[in-house]
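The structure is given below, and queries will be raised subsequently.
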Amino acid sequence: KDMSNFIEIENSKQKMQMSIHQFTNTCFKQCITHVGNDGTLSSQEDLCLRNCLNRFLDTNIQIVKGLQNMK
Amino acid sequence: KDMSNFIEIENSKQKMQMSIHQFTNTCFKQCITHVGNDGTLSSQEDLCLRNCLNRFLDTNIQIVKGLQNMK
Amino acid sequence: KDMSNFIEIENSKQKMQMSIHQFTNTCFKQCITHVGNDGTLSSQEDLCLRNCLNRFLDTNIQIVKGLQNMK
Amino acid sequence: QISEELAIVNATELVNKATENCFELCMNKPYTDKNELCVDQCLKKYMQSWNSISKAYLDRIQQASAAGEI
Amino acid sequence: QISEELAIVNATELVNKATENCFELCMNKPYTDKNELCVDQCLKKYMQSWNSISKAYLDRIQQASAAGEI
Amino acid sequence: QISEELAIVNATELVNKATENCFELCMNKPYTDKNELCVDQCLKKYMQSWNSISKAYLDRIQQASAAGEI
């Protein structure tokens, strides 16, 4: 039982990690258009990334709800 | 034997479903460029989608034949 | 033991093949912008493809080293 | 039970692709505002597109089958 | 051992996505020159972006959890 | 038998990528016309590209191997 708990927890951690990879990839493409000289995110880029993530999650939640209502 | 038939049928149904997901994703990006006010496909958009699918399948078939001829 | 060697070799050959598929897909999109009349690569296109591959591998190697230094 | 798992795989794929396409169509940088009306209508359009493509694909398979090509 | 394999999967995914994005941002056709400074700085930005997205995602999950939504 | 399955995986990947790239290069909206000549020539170019990339990649691996880097 401990073993199956362990696998379940690792599994959900892994799903979250893969989601973070996907979100970072999507929002980096949207928000980071040049590299600049010092390799640090501007506050504007950082805000864009966080807004991008939140709007992506909003869209995802609304799509799930919308599909549930269609059934 | 019934079980292996069942799995084979489910398997080919599933491949078709995944193809439909891929075609819809590709052709939606090509043909639907704005959402509009009423959430219905225009006849022009619908025609574009069906033509997109048919040209994609034409291309696919021709690529397969072309590769077979190369062997 | 021969069997596991065989599987290991097949496995690494397969990884290389999949990498070549990925590189070809990426660099074809970058370097081949029109099909032309005779279906042969121009020397300029061929040079672009090989440079694209080499710069992609350079980037990949530098990213791996950069991440190792961060640890 | 196999069918059930496949249904989950399909629903997940549909959610992912619709989310990606409707995020692209409905959200404008700097991504400050939700756009719920647009997302709802985009989802409707996505589902209609899915149905239209699906039907056209089955038609095509039937034609090829009737012509003895497959 | 499972955790170790997952760590490799994650590192591979990070390398692939950072390579793809930094190749896109730093290399110009006809791809004759390396651009090592750009790639280094791009990787720094990519890692910062990963951390920022990661934190914002966990915040969002906690909020939803606190609100009883999940 | 393993080799055979891998050959199918590789052929499928080649067909998928060539289809995607040649659809992109040869078809124009509203997608009314086939363009068979273009697709044939595109496929030739794709195969040449595959061979060129393949050779350049093996060269690179051999160089790295000769230099003791791998």
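All chains are identified by letter, namely A, B, C, D, E and F, in their written order; residue positions are counted from 1 within each chain.
FYI, a residue touches a chain if its C-beta (ideal position, glycine included) is under 8 Å from a C-beta of that chain, and two chains touch if they have at least 3 such contacts.
Source: prediction; values computed, not measured.
Q: Among the chains, which has its CA centre at the largest distance from chain B's?
A: E
Q: Which chain maximises the distance between its CA centroid and that of chain D?
A: For chain D, the chain whose C-alpha mean is farthest off is C.
Q: Contact counts by the stated rule: is the higher one at B-F or C-F?
A: Pair with more contacting C-beta pairs, B-F versus C-F: C-F.
Q: Rounded to the nearest 5 degrees, how far is chain A rotated relative to chain B when their C-alpha atoms are superposed?
A: Here the rotation carrying chain A onto chain B measures out at 120 degrees.
Q: Please determine the option from C-F, B-F or B-D whose contacts repeat those of A-D, over half of the contact pairs being identical by residue number.
A: The same interface as A-D is formed by B-F.
Q: So the centre of each chain is just the mean of its C-alpha atoms; given that, what is the distance between chain B and chain E in Å?
A: So the centre of chain B lies 31 Å away from the centre of chain E.
Q: On a C-alpha centroid basis, what's the spacing between chain C and chain E, in Å?
A: Using C-alpha averages as centres, the distance is 21 Å.
Q: Could you grab the centroid distance between chain A and chain E? Build each centroid from C-alpha atoms only and quote it in angstrom.
A: Taking the average C-alpha coordinate of chain A and of chain E, the gap between them is 10 Å.
Q: Using the touch rule from the top of the page, what residues of chain C touch 2 or more other chains?
A: Those would be 31, 54.
Q: By the touch rule stated above, which residues of chain F touch at least two different other chains?
A: 14, 26, 40, 43 - these are the residues of chain F that touch more than one other chain.
Q: Would you mind giving the ring's chain order, read from chain B onward, with chain D coming straight after?
A: Listed round the ring from chain B, with chain D adjacent next, the chains are B, D, A, E, C, F.
Q: What part of chain E is in contact with chain A in the complex they form?
A: Spelled out, the residues of chain E in touch with chain A are 2-3, 6, 9-10, 13-14, 17, 20-21, 24-26, 38, 40-46, 48-50, 52-54, 56-57, 60.
Q: Tell me, which parts of chain C touch chain F in their complex?
A: For chain C paired with chain F, touching residues are 6-7, 10, 13-14, 16-21, 23-25, 27-29, 31-32, 34-41, 45-46, 49-50, 53-54, 57.
Q: For chain A, which residues are in contact with chain D within the complex?
A: That would be residues 30-31, 44, 47-48, 51-52, 54-56, 58-60, 62-64, 66-67, 70 of chain A.
Q: Can you tell me which positions in chain F touch chain B when the two form their complex?
A: 11, 14-15, 18-19, 22-23, 26-27, 29-32, 34, 36, 39-40, 43, 47
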